[in-house]
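Read from first to last, the chains carry the letters A, B, C, D, E and F; within each, the first residue is number 1.
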Amino acid sequence: MSDLTHIDAQGNANMVDVTQKSVTEREARAEGYVYMNQNTFDLIVSRGHKKGDVLAIAQIAGIQAAKRTSDLIPLCHPLMLTSVKVHLEPEAPTDEQPQPRVRIESLCKLAGQTGVEMEALTAVSVAALTLYDMCKAVDKAMRIEGIQLLEKRGGKSGHYQTPSASQSK
Amino acid sequence: MSDLTHIDAQGNANMVDVTQKSVTEREARAEGYVYMNQNTFDLIVSRGHKKGDVLAIAQIAGIQAAKRTSDLIPLCHPLMLTSVKVHLEPEAPTDEQPQPRVRIESLCKLAGQTGVEMEALTAVSVAALTLYDMCKAVDKAMRIEGIQLLEKRGGKSGHYQTPSASQSK
Amino acid sequence: MSDLTHIDAQGNANMVDVTQKSVTEREARAEGYVYMNQNTFDLIVSRGHKKGDVLAIAQIAGIQAAKRTSDLIPLCHPLMLTSVKVHLEPEAPTDEQPQPRVRIESLCKLAGQTGVEMEALTAVSVAALTLYDMCKAVDKAMRIEGIQLLEKRGGKSGHYQTPSASQSK
Amino acid sequence: MSDLTHIDAQGNANMVDVTQKSVTEREARAEGYVYMNQNTFDLIVSRGHKKGDVLAIAQIAGIQAAKRTSDLIPLCHPLMLTSVKVHLEPEAPTDEQPQPRVRIESLCKLAGQTGVEMEALTAVSVAALTLYDMCKAVDKAMRIEGIQLLEKRGGKSGHYQTPSASQSK
Amino acid sequence: MSDLTHIDAQGNANMVDVTQKSVTEREARAEGYVYMNQNTFDLIVSRGHKKGDVLAIAQIAGIQAAKRTSDLIPLCHPLMLTSVKVHLEPEAPTDEQPQPRVRIESLCKLAGQTGVEMEALTAVSVAALTLYDMCKAVDKAMRIEGIQLLEKRGGKSGHYQTPSASQSK
Amino acid sequence: MSDLTHIDAQGNANMVDVTQKSVTEREARAEGYVYMNQNTFDLIVSRGHKKGDVLAIAQIAGIQAAKRTSDLIPLCHPLMLTSVKVHLEPEAPTDEQPQPRVRIESLCKLAGQTGVEMEALTAVSVAALTLYDMCKAVDKAMRIEGIQLLEKRGGKSGHYQTPSASQSK
């Protein structure tokens, strides 16, 4: 598989035909980070002890976005996720990682004919955007970084683990 | 404005009340990057000379996503964008920037009561995800990096330019 | 099952993982009522003999809403309904029930890994809201009452019938 | 205004033409209740002290649903809400009101040509459905009751207050 | 204006920037036809005397689709329609027009910065598709024909009337 | 099957119950045409050699619309397409067909309990509307014609070929 599967021989866009693929259990795990200044980080963390905090809202937004992936990404197949998990973890600055950040990790599953990598990545992206939205009044310089697939299982291509994933957490 | 505007005094989520804000012309510019290996980069660039290439599809997906921002981000206001531009530019490796990447820049505008930062950031994010989707068969290790607001104009808070924006292009 | 399945041990929201659940035939039946004044009731009933009446539009809105349940309810799984029925019945006042009302009943089915209670309840709710919308110019005091699950079949928890369902029809 | 505005003289459905209406500031307030057993009520209340609780998720779902009202209710106009507030309050049983319940209240605003009653009612309905969804594993007999408009302001018909609203809170 | 406004000088897709356009009252009228065999036509017409007939459902679907135009057509601006009308009229065969058909006409209005031609055309198209859907069990050979803009008013380009529109009704 | 399956015996709308239908592989092929003047045709064709051309955008819009069919057509079942193909072909005028046009053909597939005719027809319709949108600044008199089902396979009713399909290509 050495070529772009979504573009056919004539250069046209193509939704990959998965009709003949077998139904297998599939899952994908992705991550991403939102970097911010110390003041914003402190506000997020201190709010974390009350209801309605920004992390909970970003988590819900990420779960909902995973369900809408095929609506957002033009050549994604519609599919029926059986599980979506999104977790946000504030990471205080350390010597090696001096800027405060929130780490986002997602896990999506289904039994189907196509993988769920895009659902996992979309969940992380929209959770990150939601975090940005809720803090932008105090910190417009936040950055979203390091969105990547960590791992996938199932399907013909089998198990995949992103090289950098071992050290990413 | 030293606090999170989307969480009220009781810790509840809050869609900021903009009823009394004046209608002004507003715009926001955002950017982001997708890093990939050389083979993937070459496939994207060579396809760029034919119709239906991945950059054109990612661009369309970004424009459409901007229009759906209030559906994706829970506390965003619905609004009527008057302009959305998304541009993708392959950047071949250089000495300073040794990994091949595609740079994505968006520009959103409207005349309204609330800013369009989230629309610009959402356009970049979904264009990046679409690029990932179309190339993932050849390169699962692509990463989405550096999504940030470059600039905004209009509204009470006036002109804002991200500190790093000056050198980013 | 003595706890809230949608909140995990850390207090985070959770879309229940149904990956390992078996696919069984499932159905759910729900009901609800819209109470109104006599004049509004008469308008609805008299229009019922012509095409384009409010009951037909409310019915269509209820069917469509059932299909969008996972878009509306954050932790609902996307699923593929195989049947949606919505029925609206004007109920003239009686001695026991002196206020005119319209009764709404829905029935949803699928073969899947998760139940369709929320789809049935969403169909009833949106049909009721649509009825309100179409009559609100003449009667803003209408009330939506008694939305409940009547019965469900299929899945691990088996057959369920709401205690009050026996007398509700 | 003694007739159904959404049905024209030929009995056809009709999206009311508001082109000539003036833009005024409008708001609407609605309420509703979810009745449940004591065990479910206790679970909701005790979770209320941790992040990610069911009330916060139902609140977010209600806010998002308000923004999608014109997608759900066939003859509603699309409009740009400037404010949506949803509040959920557990009400422990009293002598007069012996069943535990959660009260939901919403407030929607915009400056526009048409009212926001349907948005306020939709927010309450979907928040109630979300509450049901998150507790249905422990209590399928919950009921959604008393969804009604409490008050509206703005527009040609001016101020309206539901007769029962004075005592409802 | 002698070129494609939606493609910029570099050949990229472009959502036309209407930020500087003035807000004027705009409207557009479109039509289309669904051709069918006599049996299908008779079923539609005879059902027309009962509630829930296919014409009423197609009409509702057309109105709803007009509201979703910017979601369907990638480079359309989001806008707030103030009026949508859809009318379906069965036309029995005549000497000049020997095949039974249903004529669909739509009218959309708003006060805004961009026209509503696409909304009017989308309403007709989806009403036609809905008619097809409801009759396809008896007549798969139905054809959708003659979808065109009849007339538009407002905006810089002013009044436009399709040449063939004069005789089309 | 001599009657309208989507209307029940009481004249109510009905989403056909497919719960008991067997899962079979199904596909449907549809076509349609957009007629235009020579100038518009030339612009489309000449742009076809650059990236971002109108045909590529219309193709993407058609693919995305197929995935949203059950959202647009009230009584369509939600389903999980395994393949969507949309192809647009400019057809220069000939003696028999003197007006320039673009032909659109779609092919949809899934393994499911219900057919995909509506998905194929919706893909063609929205691709045609998108073409219209992108060229309307130069040619408002374009017409969408000849949208029909060409062929379907699978399901109880088996293979169907539209009579006129043999000569249509």
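We take it that a contact is a pair of C-beta atoms (placed from the backbone, for glycine too) under 8 Å apart; a residue touches a chain by one contact, two chains touch by 3 or more.
For clarity, every value in this text was computed on a predicted model and none was experimentally measured.
Common neighbours of chain A and chain F, listed by label, are B, C. With B-E and A-D as the two chain pairs, more C-beta contacts join B-E. Relative orientation of chain E and chain F, expressed as the C-alpha superposition rotation angle, is 180° to the nearest 5. A straight line joining the Cα centres of chain A and chain C is 33 Å long. Measuring from the averaged C-alpha position of chain A to that of chain B gives a distance of 16 Å. Of all residues in chain C, those touching 2 or more other chains are 12-13, 50-53, 56-57, 59-60, 64, 68, 71, 74-75, 79-80, listed in ascending order.
Here the chains touching each other pair up as A-B, A-C, A-D, A-F, B-D, B-E, B-F, C-D, C-E, C-F, D-E, E-F.
Considering their complex, residues 48-53, 55-57, 59-60, 64 of chain B touch chain F. Across the complex, chain C is touched by residues 25, 56, 59-60, 63-64, 67-68, 79-85, 87, 109-111 of chain A. Listed in rising order, the residues of chain D touching chain E in the complex are 12-19, 21, 70-71, 74-75, 77-80, 112-113. Partner chain B is touched in their complex by these residues of chain A: 1-7, 10-13, 32, 43-44, 47, 50-54, 57, 60-61, 64-65, 68, 71-76, 117-118, 121-122, 125-126, 128-130, 132-138, 140-149, 152, 160, 162-164.
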